[in-house]
Amino acid sequence: MKTIRIGLIGTGYMGKAHAIALHSAPAVFPLSANISCEMLAEINPALAAKKAAELGFKRSTGDWLELVNDANVDVVDICSPNYLHKPMALAAIAAGKHVYSEKPLALNGQDALEMTLAAERAGVKTLVGFNYAKNPASQLAKQIIANGEIGEVVHFRGTHNEDYLASPLIPMSWRLKRAYSGSGTLGDMGSHIINMAQFLVGDITQVNGDLQTVIQQRPIADSPGQFATVENEDQAHAMLRFNNGAIGTIETSRIAWGRKMGLTYEVTGTKGTIVFDQERLAELRLFIPDGNTAREGFKTILLGPEHPDYKNFCISAGHGLGYNDQKIVEVRDLIEGIANEQPLWPDFRAAYKVNLVIDAIEESNRLGQWITIIEG
Amino acid sequence: MKTIRIGLIGTGYMGKAHAIALHSAPAVFPLSANISCEMLAEINPALAAKKAAELGFKRSTGDWLELVNDANVDVVDICSPNYLHKPMALAAIAAGKHVYSEKPLALNGQDALEMTLAAERAGVKTLVGFNYAKNPASQLAKQIIANGEIGEVVHFRGTHNEDYLASPLIPMSWRLKRAYSGSGTLGDMGSHIINMAQFLVGDITQVNGDLQTVIQQRPIADSPGQFATVENEDQAHAMLRFNNGAIGTIETSRIAWGRKMGLTYEVTGTKGTIVFDQERLAELRLFIPDGNTAREGFKTILLGPEHPDYKNFCISAGHGLGYNDQKIVEVRDLIEGIANEQPLWPDFRAAYKVNLVIDAIEESNRLGQWITIIEG
Amino acid sequence: MKTIRIGLIGTGYMGKAHAIALHSAPAVFPLSANISCEMLAEINPALAAKKAAELGFKRSTGDWLELVNDANVDVVDICSPNYLHKPMALAAIAAGKHVYSEKPLALNGQDALEMTLAAERAGVKTLVGFNYAKNPASQLAKQIIANGEIGEVVHFRGTHNEDYLASPLIPMSWRLKRAYSGSGTLGDMGSHIINMAQFLVGDITQVNGDLQTVIQQRPIADSPGQFATVENEDQAHAMLRFNNGAIGTIETSRIAWGRKMGLTYEVTGTKGTIVFDQERLAELRLFIPDGNTAREGFKTILLGPEHPDYKNFCISAGHGLGYNDQKIVEVRDLIEGIANEQPLWPDFRAAYKVNLVIDAIEESNRLGQWITIIEG
Amino acid sequence: MKTIRIGLIGTGYMGKAHAIALHSAPAVFPLSANISCEMLAEINPALAAKKAAELGFKRSTGDWLELVNDANVDVVDICSPNYLHKPMALAAIAAGKHVYSEKPLALNGQDALEMTLAAERAGVKTLVGFNYAKNPASQLAKQIIANGEIGEVVHFRGTHNEDYLASPLIPMSWRLKRAYSGSGTLGDMGSHIINMAQFLVGDITQVNGDLQTVIQQRPIADSPGQFATVENEDQAHAMLRFNNGAIGTIETSRIAWGRKMGLTYEVTGTKGTIVFDQERLAELRLFIPDGNTAREGFKTILLGPEHPDYKNFCISAGHGLGYNDQKIVEVRDLIEGIANEQPLWPDFRAAYKVNLVIDAIEESNRLGQWITIIEG
């Protein structure tokens, strides 16, 4: 069996999640290739070595370019801050490597398109870490919709709200600067719910949004009494029109007190409704009228072995899945797509469509009108 | 003690709810006046007499004008279809009667303004049946916000979704025709969530909305094979900007499968969040960070005797309130306002502001841009 | 149409609930008789007069025996402390009056049997205020079970927990003394869940329980520094065996922090399961396997017009019912039973069976073994 | 760093869960030793070899005794059917190996005691797979109780109900025969909730239970028309008395329609209440009265980095944990206990106490009276 060798760049929040998934996936799923955690890059050699030991990687480097060009790395796995996705991905593509990147793919649609076209021209595989679409509950939602079980979708309401920046005492960081992060909550969390809307309902053709920076100044860490100006939005919402005629809204906030993993959606069709809340990630609520109104109601479906991918984790229903399990499904997709030379989703093009929607929401906010999305 | 004599017009859904509340209120609340269910009008004398017996009214008539002009009627209580609110209210005002009207007040802002000015000039009391704002849970939400417990409000998301027209087999009716109902779901249910937004967050200054008629033809009742064109929207959503700087969205649908009383809201402030669902009408969820993140979470507060109006229904917490209990609170407000010559809310002016928002949402939908609301 | 004239004794918590229901019922339900709130008794004439004015009763007295023997009282409605139920009911029966009594019927089974036999011999109607069985949601549960929709019942788990005595600072009261209240939480709240078990599953034949008084001393009100000994249990649970072969447990507590109206049950059958929580009194959860395990789950059924009694309150589903609405159903039953000379449930005999179960649980606690219930 | 070499026996449901955890744990937690998946035993060499490849074990054997005696195996990990736990564990102990066994430890207390004493005499480490006690949510519950945040525990109610045998069409299996499984649902799932009760509240001193086999005959697989007699109970409940004076109940069923992972508990103390449901495994509900009754309610705490072990999985709150994550915590405990020569919990003695409680519940069922538990 072939071995696919991974080179991981970045070992923060997402880097660790990738490492756990890379080690777990082979025991969970029957894979078409072995995984080798080949090399790890961090901002200096010492940190890289330490993290490689912790996360089970064979080699390490303080220079990500060395990793990208290493002959024994097949996949470049990018878990760095957003503004570095582009140079790293372009270098990896130039070196003929497959790319597994965290989201959002780029700071804007223009950059994302450039990366997409480079990958398409080079013929390398790409996968972007919109892991919530890998949650078996959301795969089930997709399946129910695709089967026509709720009829034609007529409305979508999605949110991705968290409160990690709700306190005005939290200091300035790269995520709050346009040059490093692009948009604010729209790129960070909004990208997930946009991707989910596209996954479940299809392409978005027009948007009209409203953005707001509520906490306009934040303290500078380690500089008592000094403040910096926040450069991107704390909260945003937008109206959506989908290609298939459905309409909807999305909302995203990084200052929504109480919401910890507030990715939610409600999809209404002509024959039923699906409701989901990622804070209860292993259940899906489903309403299908069956003619007996005295016994109708939303069903709470607990994930089980009949649902997508669940049985590989556990053969008994209702035993629960966790955040890292979504990443294991994502890694499975990555390995299977590469080993069997099959399409991956969401690839760079799919992620570019997310960036396009973010750009259009920002433009609609500037112009106060609907913006039509035109794919490059 | 003075007696306030009620003349009820219309005995459908809302007429019965009013009757129940008029009979119950004196046993629930210590009132400043007695209530007399004086007279009832229906579309013909026989039906009126039958309904008067059923609903406990002393006299009846097949002519609403007779009721309006009856010397022993102090308050004209209007529970007729929407397009009749205006002529009935204007006649009542002309006769010097106080008016208690169901919502929406009028088919459009222009009519509502005319009614408002007439009432203000005549100096009669008016109250409009936005009963969800009388729910003690929503009064509690208002109190929490007014106290500053969640800080400054920064975001509001509201819905009022039901599924009573979700089946395409449900026939055409007056609610689906512009001349009789004005807007569709926006006036019928959207008016409630707009009123709630204004109640909780304050005046709305700008809106930008999207409307859609999903089921464009409906069967004509008792005419097999014949269809009529639906003239107003099945679903709508809008972005809102409030006078105090908060932003938000509302959503309303009459085709949202599974939602039976889907009035919900989430109000996010700089210091906390409130979440409410009218399908669980006697509880409110509240998140206030208290510095101990290891013990923070949304609290589910069950209504109890410390909350507004609850103890008059029951002295033990958590025993539950029902739909009709909201109407009892509303009737209490009506009687107290008249007996003590105090302001009532929501009066015709408050209801006019709801109609203004609906008109503006419709206009934003036509023009594809933000509409500023200008009060007459 | 006949008029049924009510004489109400006691105007505390339950007395007011009865008054509200007596005034509301005629507008909610088409009744077979008129209701007259004829007379009210309280512990002295002044209080009685004040309460009669507040609660809408025509006449009043400081002597309950006068009310019982008043020629214009048809039904004696007993809302006094538990130890007075027996003398009042026996006097009413002796005077040929129908009796509507609050629960528990008596301090023990012996007294309850005496009252039952007296009523049966006199041929008067009796009804006992186990109002939770009148909740349309529990009527629906009963209907589902009776239809065989969950097959044969094999297990019942019920609770009625509240926290109104959880604080040790709450002073001694009549409820905590055997001579005035009989058992503690078993009679006060346990009686409701026992009645519910009998309503839903049928007769209980054997019990085995454990009782505990956790807060053994309580302060004496208005006597700083003085304490009295609590004479009955704070918490109890018991195992049950039903006549139909099902087994189950009940649990009751008056010191269960956080529980405000914690009457809950889960009924498991050979073909499905019902789950209910009175804190969400207008919904029922139902699981019926339908062969498609990938779409199975508990359905949350919101009460609506297809369910027992709901449509008289509101014709739209999901709009919610309250605590007082249960009492309105109970009053409807009372009036219909008397007017149409039909059986009432739960009558004194049904309530006697509740007292029998309580006595048997207490005995099992003393003896440490199963006790068989023998009806007198 | 030392390497601990694991020999896994059995690759069914639990065997795979162990394998996933053994591979994932090093990336999740900083461990004090390396883990080597050294050897795997199955019922024949071919299956063993296949499973070793799938689950990432280096070597395999069709003879578990060979594994037990292999010089390169440090820990014998027993995931076989219940009746094999004893011979395998005794052989492992005799060979001086540490033992990691699935639950229940033995078919009865006598066997469990023999195993416990053998391990204690040999001085090997033991750990039994009561993984639900490793869930960070239940660790949090334990912490809250240990801190005294809910005061003294006065009541415990626990369930572990599932529906995997609810259908009478499910055929006979080893789990339903006393010689292979011992008790029925009590050992299989009841053992978990008994262990949880002991974990949270402490030693159980007296029990009194009721057991029932509802489906007494089951079809024999592959033998159409033939049935076998079920030899152990489908459902059971028991009353408990704890050493610290608290009382409680447990309930367990394998025929509880709709329950998939129905391990739940409610722990009531003199100062608050904890509620947990394993079907929502990453949240805990907590009620602590704080003097402001108008703002009190159960808090839904989502697990986050301040709670036990969570931050090793994810540094953001509310992102969710899964079933396999509990096993990762368990493996962390195993490795740390062995590497650092520290006590493990639940070891064989703790698991023996679970078996003792099961035996006592069975005896109380036979005798119809309370049974006092006496530790050997």
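When the chains are written out, they are named A, B, C and D in that same order, and each has its own residue count from 1.
Here is the rule we go by: a contact is a pair of C-beta atoms (placed from the backbone, for glycine too) under 8 Å apart; a residue touches a chain by one contact, two chains touch by 3 or more.
Because the structure is a prediction, the values reported are computed rather than measured.
Interface note: chain B and chain C, two copies of one sequence, contact each other through mostly matching residue numbers (shared numbers exceed half of all numbers used).
Between B-D and C-D, more contacting C-beta pairs join the chains of C-D. Taking the mean of C-alpha positions as each chain's centre, the chain lying farthest from the centre of chain D is B. Mean C-alpha positions place chain B and chain C at a centre distance of 35 Å.
Separation between the centroids of chain B and chain D, computed from CA atoms only, is 54 Å. Per-chain Cα centroids separate chain C from chain D by 41 Å. For chain C, residues that reach two or more other chains under the stated contact definition are 259, 283, 296-298, 302, 304, 317.
For chain C in complex with chain A, the residues that touch the partner chain are 283, 286, 293-302, 304, 306-307, 317.
By the touch rule above, chain D contacts chain A in their complex via residues 13, 16-17, 19-20, 22-24, 26-28, 30, 54-56, 162, 164, 259-262, 278-283, 302, 304, 313-325. Interface of chain C with chain D (complex): residues 150, 154-155, 157, 159, 163, 166-168, 208-210, 212, 214, 235, 237-239, 241, 247-249, 251, 253, 255-259, 268-273, 275, 287-289, 296-298, 368-370.
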